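Note that subunit A is present in both complexes that follow, paired respectively with subunit B and with subunit C.
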Partner chain A sequence: MIESSEPTRFMSDLVETLALPVRELHLVFFGGAHNTSYVIIAAALLGVAAGLVGCFALLRKQSLMSDALSHATMPGLVSAFLIADAIGGSAKSIVVLLLGAAVSGVLGVLGVHWIVRNSRLREDAAIGIVLSVFFGAGIVLLNYATKHASTPAAGLNHFIYGQTAAMTRPDAITMLAITLVAVVACVALMKELTLVCFNDAFASVSGWPVRRIDLSLMGLIVLVTVAGLQAVGIILIVALIVIPAAAARFWTNRLPTMLAVSAGIGGLSGYCGASLSAVSPKSPAGSVIVLTAGALFVFSMLFAPARGLLPELVRRLRVKLRFAVDHALEHLALTADQSIRARPLPIGRAMRRFLHTKNLISLSDGSVQLTPNGLARGRRVARNHRLWTQYLVQYADIAPSHVDWSVDQVEHILSPELVAELEAAIAEPPTNPPPTQSGVSS
Partner chain B sequence: MNPSASADATTSALVSRPEHSVDSPLAVHAMTVAYHRKPVLWDVDYDATAASLTAIVGPNGAGKSTFVKACLGLVPRATGTVEFWGQPFRAVRDRVGYMPQRESVDWDFPVSALDVVCMGRYRKVGWFRRVSRAHRMAAMSALERVGMADYASRQISQLSGGQQQRVFLARALTQEAELYFMDEPFAGVDASTERAILEVLREIRDSGRTVICVHHDLLTVAEYFDRVILLNMRVVAAGATSETLTDDNLHRTYGGRLTLLSEASEQLARSGQRQP
Partner chain C sequence: MTMQTFLTLDLMPMLSGLLAAVTCGLLGNFLVLRRLSLMGDAISHAVLPGIVLAFLLTASRAPLPVFLGATASGLLTVGLVELIRRVGRVEPGAAMGVVFSVLFALGVFIMARGGAESVDLDPGCVLYGTLETLAWTGPPETLGELFSLQVLGGLPRPIWVQSVTLIVVVIFVVTLFKELGIAAFDAQSAAAQGISPTLMHYLLMSVVAGAAVASFEAVGSILVIAMLICPAATARMLTDRLRSQVIVSAIVAVATGGLGYTLAVFVPLGLGWRFTPSVAGMMTVVAGAFVALSIVFSPTRGMVARKVRTRRLARRVALEDLLARLFRAEEEGAPALASADLSRASRGSHPAGLERAAKSGLVSIEGSLASLTDAGRAAAAAIVRRHRLWEGYLVDRAGLSPDHVHEPAELLEHLSLETELPIPDAGADPHGKPIP
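After this line comes the complex of A and B, so read on.
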């Protein structure tokens, strides 16, 4: 990699500024090894790139393919090492190693496609086969390299589980450069990738080269995977592609937001993981990065407002509460209008207090009175109840005794438009005119 | 039927047949389509009439969707040719619109109704560029035409089946095509959506353009469509609805006369496999 001194200095300044907090932390504990800053920034950007690419991989249902790909890089990585060692090159040059990894990773993906095309096996089976066979071959080669290569092959181990502490500055810069390319390509191809992910047949008919766009997505996954091999490792890199995207989906229903959130989660994971492992170099960075992402995923799944479990639960409980309030008011309104002697109210003390705080009833010396608001709402529900019952009996031929459950659900959710339609529908048929009740507001 | 024989048949058909008029929006000659060596369409010939509303009708598994997909190059043809206004599909792509089956996409996708409709304009927007205001306005007016303007910013999973179908129709409209293929546009929609879609289709036809729909409801064919293709692995009959939709033709389409054809298909599919 050739760089003029100007951008290099700019880069290093940028890196230093960005990593200031961590450098401080690091200096406090260890007294600064400078290249950790690079590694941390590179890991964060890797997270961003993986987050972006992962969104499209997830939406194209290709997440597992990235697992096959990462495992398939192993034999290429070791082969590149062996070849470079044999011809006397620098066997640990990161560019050479990653090139080898990319080549065999792509071969692995092609293998999956070949199996799917030429057999009746589905993609999951093909991925399982390719993943394990390639990884096995990689392990065998690694054994051979450890015993026979003239360069010590010990460092290759780090590629399996990931080890940021062992990364040098050129390693980090290579990683930075690759991830930058991935980020830029991802942003540039956003529209095209979205279209193919959503509806490839339509894309193809309207003239987009779907295969080529799919290939570029695969290329992006290759870039991210290969860039992340050293930091996160072959086994765990898939997590960095899948988890941020999956977590981001809980936060939003809009793709641009999803991309941003996913990039943020990925970046944060990369940053935290690499920082933590810089502070305690023995901790495996890959696992820490992935665990951070995992924690963010769990948090998102539980608490994200758009699609998280708890907000969903709260929404459902709210609806339940609304139904309960409706029922109580309906009962009270019916009793009030028909001036029947109230049967024991099916309303608990908590509900009474709740209605009171919402200014729907007034409590005077133990008797319950509807406020005008409460009365209007109670009458509305009662009227909806009548309308819907009438409609079901008249149009759906359901016996009056059978409609209770559905009416109890539907009476709360009828919109004014639907109520108007119901009124029209019920008013229309000449047979059996419904008993209209005037003076009830809707 | 062996491959060379069918190839010969194709050639002779092409030679003996007079040149198709360039007015015909779609001309299919001797098209055979096979999935995993199992033919699903045999030697299909068809000439579409311009400015018509045409239904493709036939039983399940008759190859209706396959017919559309093969015309559009979405599934490979074993033999045969398809021409649009006398030209191959590649040359006239921009004049052909497509509305796929609703079930063919994941409606939980994180895009809004307007986003989906904008996809109809992507080709005009071009590589790498963002969707411009003008394209967005075009998408918006297409949504208005199908009565969905109020739902433009809704996420698509929050739409009802009928509304999703309307969004797909709006996307097809923004393609501003002269020939439309629609795969079951009336499938699973409510009565008011059915009316709204039909109205739009008639507008398209009345403006001199052509619509070819896969249709599943025999009861409405005569009312909705002016031309019909009765399909069951081959074209049983095609023409004006009033003349073509006869009891006899329907019986030939839906009845059991073609069992030999499907049996032969099965045998072809098995022919490459080892017999037990």
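After this line comes the complex of A and C, so read on.
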């Protein structure tokens, strides 16, 4: 009995948690809201920041650099903990930990640059080396901290997979502050970043400090990574930088739209993910946030109108259908004009029915007749075919016996302007079939 | 430490670490060459949901389902990356980032949700393995019994899985060495020779996935990534031939495994430390140290070697420039030049160049004047000859105008050529100077 009611309770809990930050929004600014509200809002803002920064990282081909960076934060995190513990400070102070993480993250990025500059190894290998070695070192340090520090080091484990449940209010506020800085900086630097992403050579010769702009992008990635360590975790924070941006790519070809969509997807993932994880503490927050982002990515990839898989498929089928109709009508028109001998129609029943519903042919007692519309279109295609053939033979020096295939592709896409140009270029218009524009009436 | 404790506690973890290191190290060569290092990273993260699902579905750690599940998710990764790269037209790095992070998150999620039943599969061991728990419960009393069938049958299961994987990987690399090499260096040439690069890609990726899975359980994903990239990277800094690179990478992998284990277990034991570092973590650190060392100290391509070579070249160029100046001064009737002027000589000269030239008997210094010795004159003549031959060549053959050839010739004169340059048509250099 209890089991059967569990999903319902889960759902109502979830809805309540999702609504909580909205209900408490006024409290958030004046204090007094639930911890959960702070955490969820912080996670959403993190998603927005990561979405914005991620777009630039994606366009600058730096997506996986953020993976190296996040893994490289591990030894710094533990070192900061150990140092704070040794000098008797509060070893769990989130600011100290994140500072240490940022320092070693930057060292990791410098390490990648050092390897690429001083060896024959490529960036991919350098990223892999830094990522694994820094993380391995971090694990060894963590082993040490577990045994030797006077403060229990168990909490550090949470930074690997992320844990929103354990976040205190100061944690959430720190995270909120860092992400706010990242968002503001990202908006302020938008023009510079855009320029460098699209044409760094041009930016450089126009006198923009490309290196410094790149550095500031790296700085933004560091901010986002560090802000997300506690909620999303070292391993998965890269997802929040890569996925929203890659998903937004399906929706648009314009950067401003892409930034907006990416920020939206990031924010939504952070919001929903953190809420879900707050309801069921057993699910690590990082993985829930990333799975939410992943679901939005899959949706974008399948359904986004601009570049999604299904819309693309529909567009292709449309074109194919148009070609097939063109071919059928061309054949019928040629037969009707008796420029080829009547042969059994190369069109199936489905096509025949389709043409009928489109009012391109009429079916009277078994024989197929073109309607005036159909005849016009068929003749136009046939005429385009001739024009293009003639053009290829005359100007492109292609043997008449070799032009057929390419003409079959091109005849459908000749625009009226192009047809006019072809007519002008070809002194002697082809005579067969009769190229009359108004041949329909005969 | 007695032999018995070594056999019981240390031999198996060590062996497991070594097997993982060599298995991944061998395959890494082809990943690093094809700039697919991060595909190794992606696969070793993305096999997690496969492992977890197979594990939960069969409720056992039977090797076969786990192996199949994980290899399937590894291949799924490769396919998805390709799909997203094509459809989304994003760079491969981002496509990988999307796929592996989502799959890994899925694995972690399932693991955490169904975690209660899974006895020893937890998020921690995914990252750094369970090497330390791999004890040999029935070690032989004497070394002589080590190879009896009964004893070998009692080996821990992961050792068996890993050994079989290593054998498969070795067979794969040896039999397809040529094909893998060609596909790695030049996919188009491979296709022209009838080796399908796509087939090789997927074959390699499935073997990588298999190797990652087999090693995963024992050493964790971080060490798998490190071993797929680091030994190959180290070997690549040390050799220029694929065959030797593969062999060197295997040696580096063994050294990494052995040294890593020693530093993680024996050293802390010997020094009486309270903390024992994670074996996988330590091995990773050692692997990274090897890469760093090879980048700095590789005899052929290391930073130090390159610095030394550059210095040596700079010295030679400075010396040759010095001799050429003295030679030209002699031609113009000045048998000696003030050494102060020479030390301040133009481009690239070395302050200590004059003393070195004097010490090697090419220049004699009297008071503040320096002049060529006979040996120095011969050497200088050869340099000036090269300079003027180059000038002639640049005018006659390359069509430069005579007032533009001095500067390039200043550089080219220092090249040592195997063939002699032709005497210019005029019999002298473009400025009318004789050729020594």
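Quick notes on this structure:
Everything below uses one rule, namely that the second predicted complex is superposed on the first by the 391 of 442 C-alpha atoms of A that agree within 3 Å, B and C clash if a C-alpha of one lies under 4 Å from a C-alpha of the other, contacts with A are read in each partner's own complex, and residues count from 1 in each chain.
By definition in this document, a contact is a pair of C-beta atoms (placed from the backbone, for glycine too) under 8 Å apart; a residue touches a chain by one contact, two chains touch by 3 or more.
Keep in mind the model is a prediction, meaning the values are calculated, not measured.
Using the contact criterion defined above for the overlaid structures, shared-chain residue A:Ser119 touches subunit C, although it does not reach subunit B.
In the superposition on chain A, contact is made by A:Cys197 with subunit B only, not with subunit C. Once the two structures are superposed, subunit B and subunit C can be ranked by residues of subunit A touched, with C on top.
Applying the stated contact rule after C-alpha superposition, one finds that A:Ala188 touches subunit B and leaves subunit C untouched.
Contact with subunit B, but none with subunit C, is seen for A:Thr252 once the two complexes are overlaid on the shared chain.
In the superposition on chain A, A:Ala239 contacts subunit C only, with no contact to subunit B. In the overlay built on the shared chain, the residue A:Trp208 is in contact with subunit B alone; subunit C does not reach it. Subunit A residues in contact with subunit B (one complex) as well as with subunit C (other complex) are 249.
On the side of subunit A, the complex with subunit B involves touching residues 59, 188-189, 191-192, 194-195, 197-199, 201-208, 249, 252-255, 258. Contact residues on subunit A toward subunit C in their complex (touch as defined above): 58, 61, 63-64, 67, 115, 118-122, 124-125, 127-129, 131-140, 143-144, 146-148, 157, 160-161, 235-236, 238-239, 241-243, 245-246, 249-250, 282-284, 286-288, 290-291, 293-294, 297, 301, 307, 309, 312. Subunit C contributes residues 32, 35-38, 40-41, 45, 84, 87-91, 93-98, 101-102, 104-106, 108-109, 112-113, 115, 123-124, 127-128, 222-223, 225-226, 228-230, 232-233, 236-237, 264, 274-278, 280-285, 287-288, 291, 295-296, 301, 303 to its touches with subunit A in the complex. Interface of subunit B with subunit A (complex): residues 69, 72-74, 93-94, 96, 98, 100, 104-106, 109-112, 115-116, 119-120, 122-123, 125, 127-131, 155, 157, 171, 175.
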